[in-house]
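Some structures are shown below for you to check.
Both of the next two complexes hold subunit A, though its partner changes from subunit B to subunit C.
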Partner chain A sequence: MDMVSMGLLAAMGALATVAGASEDLESDVGSQSNPNSQVQLAAQVGHPHRIYNKAISGEPPSNALYAALAAVTASVLMSGYGMNAFFAIAIGAVVAAIFNGIFSVTAYMGRNTSQARFNQYVYLDVLRTHTTAIMAHAYITAFCVVSISYIMTAPWLPIQHPFPFPLVALIWGLAIGAIGSSTGDVHYGGEREFQNYIFGAGLNAANSGDIVTKAEAGLRSSIDNVWFCARFGGPVTGMAFGLTVFLDNWRTTIFDPATQGWYAVLTGIVIVILFIVYNRILEIRARKRYGPYPEYKGDIEA
Partner chain B sequence: MSVAAGGGAAKIDKTKLMMYGLGGGVLGIYLAHVLNEVTGTTYFSFLAGLGVIAAVVMGADATRRVCSYGIGTGVPSIGLMAMGMGLVAAMFGLSIGGVAGPIIGIAVSMGFGYFVGLLTNRIIKMNIPVMEETLMTLGGAGAIVLIGLGVMVSGVIDYRTIIGNVIDTGYIAIIFIAGSLAILHPFNANLGPDETQDRTLIHAVSAGALAMFATGLASLETIGSEGIISMIVAAIVWLVFFRRFFELVKRDSAGVKGTGLLPEGGL
Partner chain C sequence: MIPPIDASMLVHIIEIVIGGLLVGIGVHFVPVGGAPAAMAQATGVGTGTVQLAAGSGLTGLLSAGLMMNYTDSIFLVVISGAVGAMIMIDATMIVGNWVYIYGVGAPLASAKANYDPITKDSQAPYVAPGTVGQGIPTVCFVSGTIGGLLGGAGGSLIYYVLLKINGDPGLSAFFAIGIFVVNAVIASYNIQGTIEGFHDPKFKRVPRAFQVCLVASLIIAIFAVLISGGH
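On to the complex of A and B.
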């Protein structure tokens, strides 16, 4: 362990935190991933809406595409044309954001068109105002993820991961998509789309698609949703991804994997156990404090 | 055919699409190889990319047919599975077959797909009638996409060159994921009760062109500035087919509005 490695580790943790937050917010502007099924159902149960329906794919494959594309572009610019890493990664992230915009537009148009019988219109102003916000978040995510991958693979830096740069970016893209999907979506799907139901009540299957389509004033847009998610869902996703990157690399930075590999494995196990215990305590406290969780009264006879 | 997630009946027959996909894919890959070898350049690599677009259309149609059944998984899983099967088979074919490698790879991948389909229907008992046939088609499409984009980056059908240019550089990352999205995105993006086959397939062409463009970027380093031809061709194909997709959106949708409130009954 040296100071350079620790500095790089801190930089990776910080980049991952920003990337996690922007990834979750990017998916929230477009209602990608889990909450998407409810947006998709809304028109079918009689609630046409003006919410963005960005069904590109699940978050892991789409973020893997942005990260891999940005890394490939950066790699070509660096090794083929001798460009400085910082500018190469920035240009790579721009290309990724453009691809993100194209896929978002086709997904919004396609999904809404396929609901014609439910009177779901394709609103071009929704496309104009929201796609740019989606692309901006995708740019930040791609830039941060590719920077992490570059730090891990650059030949002049100490980590020197054996995998090639674009492949590491692909794996981190998949990872950030998975974490964004599992951590942040709950806040948007459970708490924003269904804010007219009692907190903690869960979603009865009969209420599927009954999402909030009207805002405090006017109709609800996805920009309103991302404003809400930026309060908690986005930052908490950032923290989850930042901690994942930081703690995972921390244990292999303090213990040399070549000579002290088992210490790194044991540290990993200890970290996982600590988190399980912490999560359990947090869950019990939340149940007690926020309820209502009525006691089970037995089955009601028909 | 009235099904859960997908929309109207197929206007283009699946056998015809399979012929175009397989024929176009193999033709594109071999034309790129032969013309590059004969002329001693890499100007014709873009032809492999055009072959890939044909295979993507075939794969997107197979995705459409199998995912219409509500198979209990997301559409993306099917596209990624196609590329997974294609990757193993393509590398196997190229490593043992030399110039005949693509044919062997595609055949093995299709056999692989058929076998996986048999397993899902007979062992897991999903009992989805089109499973064997669609997974076979998807396996073939995955293999053509991987080999085609690999040849686009390398310029020739040669195992060692493809390993050096595609695997060692890490460009397999973009080939794999852009190819997967090209196969899975068209149906995923058009999913719904009023989905139409022509709109999904036109979208597949534009998504295939995006995969070709992304891989063309990678080929700028491996085959040099000739790679720009692939990017320009891909950009033109994308532009033409995106405009056609928008025309079909206007044809099929309840209404394309500049702005406006919700329709009657929505408030």
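On to the complex of A and C.
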């Protein structure tokens, strides 16, 4: 373990935290992930809305695509034109953001025009104001993910991962999409979309599609949603991805894989056990704090 | 030209098939609730089976790839991959539970079991009305960790074998990702959307996935060995 490796590890953890947060917020502005099923349903059950609607694909494949695109562009600029890594990654991220913008616009137009029979309009002002916000978040995500991948693979830095630079970016893109879709989106789907129902439970199946369409003033747009999710869902998603990148690489930084590989594995197993114990503590605390649901009628025999 | 088939090639094919089967079975352990879980309407992680399994398994592949830079031990490489995948899936599930508990305000509960098989906690009183559970309770968490372990180990084993054959990390990793995703998709067809883990009645369908993954992995393994072997 040397100071440079620890510094780089800290930088990777910080970049991952920012990337995780911006990835989740990008999917909230665009309403991309699983909660979009309710946005899609809303117009059909009589609630036309001004919420952005871009289910391009699942988040992991789309983020893997953006990250790999940015990394390939950066890689070509660096090896073919001798460009500085920082600028090459920045330009790569711009390319990824442009692709994201194209997919977003086509997805929004396609989905909303197909719902014209349910009185769902295509709002050009929503398209204009939201698409740029989506692209900005996508740029931050791609830049951070590709920077992490570059730190892991650059031949002049200590980690020197054997996988090619774009492949590492693809894998981290997939991982960040999986994390964003599993964690932060629940805050958007479970809470923000259904704030008109009582706090403390998920969506009752009978209320499917009844999303909140009105804001504090006027009609609610996805910018309102991202404002809310940026307070909790986004930052915790960042923590999840930051933890993954940091803990996974921390083991092989403090223990030299060449001589102390088994210590790295053991550290990982200890981390996993601690996670399981912590989850149990969380579960007990939540049960004590919230108690059973009042609608519950009697215990079921085992 | 068709290359000569020798014993080592057969061993490689068998190892890749074992890796594929580990992935296929591991996916069944991952507690995924799909879109309903994203609205806290079903127990499990709020994403798709393939998405979460691939996210964790390939994070494990990164750990295994790094370890294989330094060591030749198959055990160390495979276990490294498994641990990397477990860390990713555990971090995801913990933070997912934060959102369920602090963001949505719901306690963790499974709807497929009346009592948690591990902690013996009663589940039904904590299931919100109109839903089929929410969050990732202990049994699902442990099941997910096992899923990460099997998925990470399977992906790393495939990578290890392919790298032994051709010596090119990029090519081997790409084939490993491909074989991983094929098996994960087959398993998710078997799961049909949502599964809570090893206590879920759907888990009894594993033998069917085993058979299909065996056939699929065998076919891909033959092509993977032939193509990436450079013949």
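As a convention for this text, the second predicted complex is superposed on the first by the 291 of 302 C-alpha atoms of A that agree within 3 Å, B and C clash if a C-alpha of one lies under 4 Å from a C-alpha of the other, contacts with A are read in each partner's own complex, and residues count from 1 in each chain.
What we mean here is this: a residue touches a chain if its C-beta (ideal position, glycine included) is under 8 Å from a C-beta of that chain, and two chains touch if they have at least 3 such contacts.
The model shown is predicted, which means the values in this text are computed figures rather than measured ones.
Novice: Is the arrangement of subunit B and subunit C around the shared subunit A a clash or a fit after superposition?
Specialist: fit
Novice: A:Gly190 contacts which: subunit B (first), subunit C (second), both, neither?
Specialist: second
Novice: From the overlay on chain A, compute the angle at subunit A's CA centre subtended by subunit B and subunit C, rounding to the nearest 10 degrees.
Specialist: It is 70 degrees after superposition, to the nearest 10.
Novice: When the two structures are overlaid on chain A, which partner does A:Pro164 contact: first (subunit B), second (subunit C), both, or neither?
Specialist: A:Pro164 sits against subunit B and subunit C alike.
Novice: What's your read, subunit B or subunit C touching more residues of subunit A?
Specialist: For subunit A, the partner with the higher number of touched residues is C.
Novice: Classify the contacts of A:Ala205 with the two partner chains as first (subunit B alone), second (subunit C alone), both, or neither.
Specialist: second
Novice: Note down the smallest distance between any C-alpha of subunit B and any C-alpha of subunit C in the overlay, whole angstrom.
Specialist: Closest C-alpha pair between subunit B and subunit C: 5 Å.
Novice: Per the definitions at the top, what is the overlap between the subunit A residues touching subunit B and those touching subunit C?
Specialist: 58, 61, 163-164, 167-168
Novice: Show which residues of subunit A lie in contact with subunit B when the two form their complex.
Specialist: Within the complex, subunit A touches subunit B at residues 40, 44, 46-50, 55-58, 61-62, 64-65, 68-69, 71-73, 75-76, 79-80, 95, 99, 102-103, 106-107, 109-125, 163-170, 173, 213-214, 219.
Novice: Note which residues of subunit C are touching subunit A in the complex, please.
Specialist: Going by the criterion above, the answer is residues 34-35, 37-41, 45-48, 51-52, 54-56, 58-59, 61-63, 65-71, 73, 76, 79-80, 83-84, 86-88, 90-108, 114-115, 119, 121-122, 124-131, 134-138, 141-142, 145, 169-170, 173-174, 177.
Novice: Name, in rising order, each residue of subunit B that touches subunit A in their complex.
Specialist: Residues in contact with subunit A: 7, 74-76, 79-80, 168-174, 176-178, 180-181, 184-186, 188-195, 199-200, 203, 206-207, 210, 214, 217-218, 220-221, 242, 245-246, 248-249, 252-267.
Novice: Given the complex with subunit C, which residues does subunit A contribute to the contact?
Specialist: 33-35, 37-38, 58-61, 152, 159-164, 167-168, 171-172, 174-175, 177-179, 181-187, 189-191, 193-194, 199-207, 232-233, 236-237, 239-240, 243-244, 247-248, 251-252, 256-258, 261-262, 264-265, 268-269, 271-272, 275-276, 278-280, 282-283, 286-287, 289-290, 292-293, 295-296, 299-300, 302
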